[in-house]
Structure formats: structure tokens, C-alpha cells
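Please go over the structures that come below.
Next, two complexes with chain A in common: one pairs it with chain B, the other with chain C.
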Partner chain A sequence: MVAVTSVAAGSANPPEVVTSRASRRRLRPWRGLILAVAALYFVGPVLAAFWFSIHNSHTGIDFHAYTGFFSAQGFGTAFRMSLLLGLATVLITLILMVPTMLLVHLRYPRARAWVETFSLLPLVIPPVALVVGVRDIISFTGEDRFLGTPVATVMNFLQGNQPWLLSLLYVVMALPFTYRALDAGLRGSSVTTLVEAARNLGASWPVVVWRVVLPTLRTSVLNAGLLAFALVLGEYTMAKILNFSPFPVWLARFGDTDGQLQVGLSLLSLALTWVLLLTIAGVAGRAPGTARFPFRRRTS
Partner chain B sequence: MTTTRRRWRIPGGRVRLGWLGLAPFAAYLAVFFVLPSVLVLFSAFRRVDPDTGVHSFTLQNWSDSLHGAYLKGLENSIQLAAVTAVISAVLGLVLAYAISTSRRPFFKQLVSTSSAVLANFGGLPLAFLFVAVLGSAGVLTSTVQSLFGLSLQDDLHFSLFSIRGVELVYLYFLIPLMVLVITPALEGIRPQWREAAENLGATGWQYWRWVAAPVLLPNVLGSTVLLFCGSLSAFATASALTNGTLAIVPLQIDTAVSGNVLVGQENLAAALALNMIVIVVPLTLIYQLLQKRTTTWLR
Partner chain C sequence: MTAEPAVATIEGTRVEYLDVTRVFGATRALDGFTLQIEPGELLALLGPSGCGKTTALRLLAGFDQLSSGQLLIDGRDVSRQPVNKRDMGMVFQSYSLFPTMSARDNVGFGLRLRGASTSDRRRRAGELLELVGLSAHTEKYPHQMSGGQQQRVALARALAIQPRVLLLDEPLSALDAKVRTQLRDEIRRIQLELGVTTVFVTHDQEEALSMADRVGVMRAGQLEQCDAPSVLYQRPATPFVAEFVGTMNHLPGVVRDGSTVQVGDQSVPADGQVPLSGTAVSVLARPEAVLVEASVEGDAVVQVATFFGAVTRLRMLRSDGVELLADVSSHRAGELAPGTRVAVSLVDRPVLVRTPSS
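After this line comes the complex of A and B, so read on.
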């Protein structure tokens, strides 16, 4: 959970490590060895796991782990739940954070430190600890005295077949990522000037946000959305402890029935996240004013 | 701008209502972050009398969470986090240096994206990846068995589902995390410093000992602290790998709240969660402090 990365460090790239020619020559064999060992350690298990997912000592090689998961029992429900939770999380995040950050950026720069601090705070409390507090809220609002009140209705809705409650919590968990993505976009753009120009020309605020701000910030809005989405697709801790069954929880439970399928789907979900993040990197690389390597923790 | 300003004011008044625009953000965090956090603190010190149903304050949960199996769990957790943090800090630093000396942007991009996947979103899939490799029917397990006639479990005393096994899997996402957090610091080292040192007659060792190491040290220490926190609070990998049986704090929290709901277990879970928070929060502050020291030199 402490593992945050910043999207687009905002400023220009720091100078690369350049060593003098002599030391470069001395370094080379070591470098090669280190990179080779690292490649073996990181790629080896992936290849071995892929082999495991397609090879069976009784039946030989087959690809059912990659073709049969759609028909696996419960997969459809679980995956659909994860997708919907992901979309809801992205939507809530953007509706909440874009206006907030715009307001801070344009009008209340002094509030920026506060918004930043509170956006990064969820890193400090481990999800496995926070979720205990969430369970307290659930059990408190489940008491008899709330029966028939709007509180009970809302809580029932949030914990129904589609547990929207998780989305509300994921917005908080994703906040450090999404804050940095949006912040980098706002810093690197001329949104202040554009908004003033639009306002002077008589545009209303909703029009300004829809037709000026969002197009200007499309890269960082997309980054924020993809990061939040990737987080939801893989989130296990809160869903498991709150007894909901989106894709990751289903993946963990279903393992008893088909180990190969479980490993195959694990590889697929890693690959999916990887593609999502490569997309971010690709988009960030093309946009002016953003760093080439977006998954960095900002040091300043 | 002046026309806009006027719209945010109550006519004749001096109160600006624009601040209210920050209210949704504040309210959202209050409900979904601050409230649960405070409730953990609160219910860690509450108990329900099983006979009368009366709530009262107590130190019992907290004391329970520091005795017996739970004390052992806390020790295991801290040991696990410390071992994995130190190993991955060292290995990650070496790896990050090897990568940062590369001149191929594409390669760096690939490493940075892959590290981000493993460090931030790996959790659960990594557990199954390693089951496929080192589990009882894993690829490596059966290869070692057929090639050398050795059983990982019996002859080499290695089990993926023990604390050693979990440590091994944690390295798989902690080393990439170290690469992610230390790379900016490595790239902040100016080539001029090296040139200056060499012009003054310094050897490679002297340059590292007296120039590079002092600049990097706060950052390396800070990153190690960060890895410690990440390792301590990780849940998904250990939960999936050991099916919740390993005695570490995050899994004990899960067992306490999702097992048969005994009276008071929720409060015990809150006390366990509070222990984690008490460890992690000061360490994060230390990390921030060390980061600040570093940025004096590396920008």
C-alpha cells in the first residue's frame, strides 16, 4: 500500500547517469551479469508459470487455461463485478477530484498543501487496518435502530449484488495515484490562461470544464483513470475481508478446482495491468511537458 | 476574473463561498478515510459484555493483541518485513544502478513499467505464479525432483507456504519497488561530481565512499523504511499463498473478523490493526524526513 508511484514527474528529466569512459569499461561485465541474473529471476518464474498453465503430465499440452475461463463457473459474474466497480471508481474519482484540483489550482493555491497531504494520507494506513474500521461502520449501521431508516436503505444498496461500497473505498485507496497524475497534468499545462480566456469570452463553468479543461488535461485524466482502474482489477484485501467476490477474490477461491486455470488467469491479469500501464507510459511519452518515465516517485 | 469573483460572494457580504467547492473532497475523505481510521482507534479500546450487552472501555483487547499467538504474529511480521526490506533494498539498489547506466530509453521504459506492475498491482497473481513454480506440483519442484532426486520440502527444507517461502515471494515485488523509488536518486547524481573527484585524483572506491554514498544514504535508508512498511502491510500474497494460516498480523486480522464471529473478535481485530498503524505511521514520517534531506542535493 505504501507503494505509490508518481505519474509524470512534471519537471524535465534529470540528467542521466553518465560515467567516464574508463569506469564504463570496468563496469560493463558487472552490469551484464547483474542484468542477466535479474532477468532470470524476474522472467524465469513467468515462463515456468506459463509452462505450468499449459502442460499437464497426463494430458500433455493444452490451452484450456486461456480458452476455457469464460465458461468457468462464476467467472462472468465476478469479472463483470470488477469491471463495474472499476468504472464506478474511475467515474467517482474524476467527478470528485477534477473540480477539487481545478479549484485549488486556479483559486486557492494555499489549500494545495492540505489537499495534497490528505490525498497522500491513504498510503499511511494499511488497507487491512482501514477495512476493520469499515466493518465497524457496517455493523453499526446494521443495528436494529436503523431498520427502515434511509441509512439502512443506503447501506443495503451499497452492499447489494453489486457492492458499490467497494468503489467508494477504492476511490480513497487510489487517491495517491490519481492525485499525482492530475497534479502533474495541471502543473504542466497552461490551464489557468485557457480558463481565464474562456471565462472572458463568456463561457459558463460547466462549458469551461467540459470543453476547455478536460480536453487540455486529457492525458492526465486518462492516466488517473487507468491507474484507478488497474488498482480495482487487482484489489483483493478489502473485497476479501468485507466478504465480496469480485474477480481477484473469485480467482483465489476458484483455485481449488483448477490450478492451471488459476495460474493462467493470474498471468493474464498481470499482462492486462502491464498493458494498461504501458498505455499510460505511451500516452505520457507523447504529450509535451510530461516526463518520459511516468512511474516514478517524485522526490521533490 | 472580477465578474467571476463577484458571483462567489454573498451580495454585500465579505464571505467567499468558493471554499465550499472543497467541501465534497473534505466530506468524502472524512467519511471514507478519517471515520474508519478513527473507528479503529475507538473500537480497539471497547468491549461488549457478552451477558448484558453493555459497551465499555477497556485495555484488554490491546493487552491480548500483545500476548501469546498475537505477540508471536507481531514478531513474525516485523521479522518478515525487516528481512525482506533489507535484502530487497540491497539487491534493488544494485539492480537500479545497473539499469540507470543504460543508454536505451526503451529498455528503461520497459523496466519502469514492469516494476510498477509488480510493485503496485502484483499482490494476488504473484502468489499463484510462485505456486506454479515452487508449489508441491510446481515446475521447479518437479524438475529438481526428476533431475537430482531431491525433494524441496524434505531434502532442502524449503516450503513455499512457510515464512521463508513468503519472504521469497515478497522479494519479487519489493525489489521492483526499490528500483522504482531509488532510480530518481541515482539519476540525480551529477556526472560532474565524478569528474571533479577524478580530476582531484580520487579512485573509484574513494568517489563512492566520500561522494556518492553520503548523497545517496538518506534516500537508501528512507527507501528501506518504505519497503519495510510495504512488506509489513502486504496482505494479498501471504493470504493466497498460505490460505491464511501463516501467523502474521495482517492474516490474524482477517481471521479475527471473518471467522466465526465470536463476541469481541472485532475489537481484537481493531487492536491488531492499531498495532500496525502505530508501527507504520512513525516510519512513514521518518521516510518523509529522509526524503527531504535528500532533495537538498538531488534535484
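After this line comes the complex of A and C, so read on.
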């Protein structure tokens, strides 16, 4: 039945089919060209960097830039700090943003414009201004009247010079990206009806979020997490000004002694981000019934 | 040996809306809405778009709060009860299955929340999917099912929690005509089998009349009339109901005295509220209450004849420009072909009248 219909439809409008096929053929060389230019723009510098990291005019080609970092002094500490900061940032972001955005989406749709504007502020305020402001606030010695109040406890915690402070900043820095990723997911799915259906069947709010919202928004939640994580792996300014030494800061300092190692490590961290991205694409693509990454579109 | 029912019957619940009002800004979505729903009955809420049907249903489900009035379930005020404690099974207009769960897990979702064991859940979900005719599709995900199948799963999911009331908000409106009638009959069969009190919202009168024990016709946030389909059709309480349910002719007439109206050269008894004598009114008559005779002296001409099986519906134009519809038995259709001049009169039964302004 279906086959018959489609054959009939096809024979009814053959000119249209031919036209679209012809125009597609005309487009093809352009597509190739654009792709080539874009590839050159993105891949060229990476290849150049790779060449630089392995080639030495005196000793020829060697891969010490990709093997030597394990033994490089301070690498382990710095890298672990970056990974932990990344995880903390992702967790805080999701714990903060998913319920907030759900609330805005379901209950206060009129507040959306405000939240969106607010989420863009980190793009407008230079990170340096932000971090200097934060530094001034945490160095605020406080007054005695705060003693014994929660304010003093929080200030004490922040002034403890823990690297965790950074992840709070990174949550803010990542806001423009995480907001967008989550918002796209919320708009693209029928979350409102799904939440109502789950509530109607007896689910409490935590169950709704855990069993219905997160699985449904899986792709955009993973995207948001990945963007936040990638930002942490590459952020230099804030960490430097606040005198912490995660991976990017360590890398910049280390480069003074060995340029090749520095470039090699940069490439490795780029590769790490890519591996994460592809893993997430794979995971999201396998989840039944969820939106897939564009390049994993299923044909069945 | 008698076959055990697939799913335990659900004890019917009584629902009462008492003078319920729900205001959204300047809109009175419900405005003094009063309705009693009897245990185990299927009540259809019928009315034009925006009359408050969905609002009435959402209040009962607990998605929304009343502005004033009372909502009683089995005599208990539920206005403070949160959605997830109400045990109302709802089927939504738009597809609402959880996309990351199979049909079986969707149906089992409510049972899982109620602490049913895995094996219990699987068994009950299997029974319910069988009840809605989907035993072959238990492992399918929503995106692998047709719209009709998805709504069946949604129905099974709502029934799984043994709801006190089953709520259906235009569950069939996204489906094509054939699936719609099929599923409509199936919902009714299941509802009768389980005896669950059911509220069915629709703006399709055929759907309402064919399925429901009683139909509540709503207009602008109020209940106009709530009666069995046949009563609604034959004895509509108001002109609005008369026009909304079924097809109506509007014939110009004049009130003669308190109980009769003059229509053309015929005098017929009037029903309901009748204005003062001498008032010009519209007389409402069903197509089957219009009598048609072929006659060269008649003042109407048949324009179109539409065959409906046992009856044929004639569209006629009177010389004064009034259009009329009449249903005649199909074996007479030959003598009343389009172009035939006919004489038209009304069956001698009480008619409803409305003044042009009402």
C-alpha cells in the first residue's frame, strides 16, 4: 500500500524530482570547496603544531613531547586538579541549572527572557573584571558582627584558598553555553506533557527529574556538561590571577622550559576533549528514542 | 470455566464540582461550573473551543487550582491534594509516552512508583497491553509506534495505577478517522469492563454521543445541560444545546400565544421558554422532523441529495431564500431528485424557539 502510493506520487511529479537532483548536483562542488576551506582553517594549525612538536632540525623527528609529560614535574598534580575542577563544575552546573530551567520552563515562562539575559552576562563582563571582583570580595576581612553567623562560615570556607573556589567561577563562566544547551533540549521536547504525565502517575519531583527529565534531555544535558568541562580544561586567566595552578597554568609555565612539550600537551588536551565529545555522541546516539547528534542520524 | 478478567475491576468513584470557578487574568475559564459524575459512568464533556473543558479536567487531575468553589471526590474535598497523590489516570491529547522507555516500562512506571516488584510489574503491564490489543508490541519504544498505538499504551499506562477516575482529554483528536472510531469503541469496551468512572473531553459531538452514558454540554465556562445522549438530542434544554448537538434547521416563525408558533401556514406546539405573542422567532427543527412531499405547488426546490445509507439528506431552497435540510428514507430519494419542486412541513411535535437576539 505504502509502496504503491509512493510510486504513484513519484511518477506524478517526475520534473520536480529531476530539478531537485540537478540543483543538488550543481551545489556539490561548492560544498566540497567550503568543506576544504573550513578543514584547512581548523586542521592546518593543528597539523603545523603537531609537526612543530615532533620535529627538531638538529635531532630529526622524535616523540618526546608525547611521552615525556608523565615525568614532567608537576604535571600529575595540575592535571588531576583540572579534572576534579571540571567534574565539580559540571556537577554544580547541572544541580543548579536543571531544576532552575525546568522551573522557568514549566512555571514561569515569562521569566525566561530575564534568565536568558542573565546567562549571557559572562560574555559581556571580561573574566579579568569578574575575577578581580571575586578576589576583592574573598579578601574582605569582615566585621565582628558576622562572627558565628553563616556568613562568616561561608567566607571562611571561601578564604580557605581552596581550588574549589575556581569551580564556582567556572560555573558562571560556562553559563552562556550550558544555558543554551539545556534550553535547546527543553524547547525541542515535550517536557511539559511528560512531566505532567509522570506527576499524574504519582511521581514526586525528584523522581520526575531523575527518571523522566534527565533521560529525555540526555543529549542536551551531556552537551552542557561537556561544554562546561571543556571550558575548565582550557581556562587560564582566572586560575592564574587567583594563584592556582591547574593544567593550563602549569602548561604555560612549563612552556618556558620546553616549547615542544607544551605544544604536544596542548594537542593532547584537544584530543581528550574530542574523545569526550565523540563518546557522548555515541552514548546519546544509542539511547532509544532520544534526539541524536546530526552526524549520527539513523536511516531506518 | 470462566475466564478471569485481565485486570481487576476498579470501584467507581463519585466526583462533584460545586460552583467551581477558575479565573485566568480576565478570562473566566470556569464560571460557576456545577456537575455530578456518578460512580462508574462515562461522562463526556462537550463544547466549543475555549469553553473550559480542559480546565475542568486539569482541576480534577490536580494540575491546576480552583479560584473558588469545591471539588469533591467521593465526598472529600481534594483541593489540597497534590497531583501525585490523587490517583487520577490521565490520557493526554498530545503524545505523552516517556521516549526513553519501552511500552512495557511506560505502563509499569506508575506501578514501580507504588513499589510493585519487577515480576509483578511485568505481568500487570503485559495484561494491560493485552487489554488494549498491543501484546505484540511490549518491547517497542514510542518512536517505533504509530499514533494510535501510542495512545493505546497511554491508556494502558493510565489504567495501570487503578485510577479512581480515568481522565481523557481529546485522546483521539490526533488520529485519523478510522483509527479514531476503532479506538473509541475500544475505550468504551474497556471502561465498561473495568467500571472505572471516566471523564472524556471532546469537541466532537459524534464521539460524545456514541460513547458516553451522559454528555455535559459546556458553554463559556458553564454547564448548559447534562443528560443521556438521546435526551440531549431529542429534548435539548436550551437553543445553544439544540444547535450544538446534531444538525438544526432555523425557520422564521411568529409566536401565536404562549404555547404555539406559526411557521409558514402551519401552527406547531412550542417547547421551553416561549416569548410574548407576536414576537418573531427562529424555530429549531431537526432534519428528520421536516416532512417533504413532491408537489408542483410546493414553494421549495431540492438542491442537493446526499446518500447516507438508510436515509438521504436533502438540501432545499425555499422561495423566500431559507435553506432547509431534511432526512428522508432512501427509497423515496428517487422521487425527490435535485430539481424537484417540493412542499415542506414540520412534524407535529413540540419545537424549541429562539428570539433572533438570544
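One rule holds for everything that comes next: the second predicted complex is superposed on the first by the 203 of 300 C-alpha atoms of A that agree within 3 Å, B and C clash if a C-alpha of one lies under 4 Å from a C-alpha of the other, contacts with A are read in each partner's own complex, and residues count from 1 in each chain.
By definition in this document, contacts are C-beta pairs under 8 Å (C-beta built on N, C-alpha and C of every residue); 3 or more make two chains touch, one makes a residue touch a chain.
Fair warning: this is a prediction, and the values are worked out from it, not measured in the lab.
> Please indicate which partner A:Leu277 is in contact with in the superposed arrangement: first for chain B, second for chain C, both, or neither.
Only chain B; A:Leu277 stays clear of chain C.
> Pick one for A:Gly259: touches chain B only (first), chain C only (second), both, or neither.
A:Gly259: touches chain B, not chain C.
> In the superposed arrangement, does A:Leu231 touch chain B (first), chain C (second), both or neither?
A:Leu231: touches chain B, not chain C.
> Using the superposition on chain A described above, determine whether A:Tyr108 touches chain B (first), chain C (second), both, or neither.
In the superposed model, A:Tyr108 contacts chain B only, not chain C.
> Determine, under the contact definition given at the top, whether A:Pro29 touches first (chain B), second (chain C), both, or neither.
The answer is neither, since A:Pro29 touches no partner chain.
> Hey, is it chain B or chain C that touches more of chain A?
Counting contacted residues of chain A, the larger count belongs to B.
> In the superposed arrangement, which partner chain does A:Pro215 touch: chain B (first), chain C (second), both, or neither?
The answer is second: A:Pro215 touches chain C but not chain B.
> In the overlay, answer first, second, both or neither for which of chain B and chain C A:Arg199 touches.
both
> Can you give me the overlap between the chain B contact set and the chain C contact set on chain A?
Chain A residues touching both partners: 196, 199.
> Where on chain B does chain A make contact in their complex?
1, 3-4, 18-19, 21-22, 24-26, 28-29, 32-33, 35-40, 42-43, 94-95, 97-101, 103, 105, 108-109, 112-126, 128-133, 137-140, 172-173, 176-177, 180-181, 183-191, 194-195, 198, 204, 219, 226, 229-230, 232-236, 239-240, 250, 253-254, 257-258, 266, 269-270, 272-274, 276-277, 280-281, 284, 291, 294-295, 298-299
> So in the complex, the part of chain C that touches chain A is made up of which residues?
Residues of chain C touching chain A: 61, 63, 83-90, 92, 94-100, 102, 109-110, 113-114, 141-143, 154, 157-158, 161.
> Can you tell me which positions in chain A touch chain C when the two form their complex?
By the definition above, chain A touches chain C via 189-190, 193-194, 196-204, 207, 211-212, 215-216, 218, 287-290.
> Give every residue of chain A touching chain B within the complex, in rising order.
Residue list for chain A touching chain B: 1-5, 9, 13-20, 23-24, 26-27, 30-31, 34-35, 38, 41-42, 44-46, 48-49, 51-53, 96-97, 99-100, 103-104, 107-108, 111, 115, 118, 121-137, 139, 168-169, 171-172, 196, 199, 230-231, 233-234, 236-237, 240-241, 243, 248, 251-252, 255, 259, 262-263, 266-267, 269-270, 273-274, 277-278, 281, 285, 292-300.
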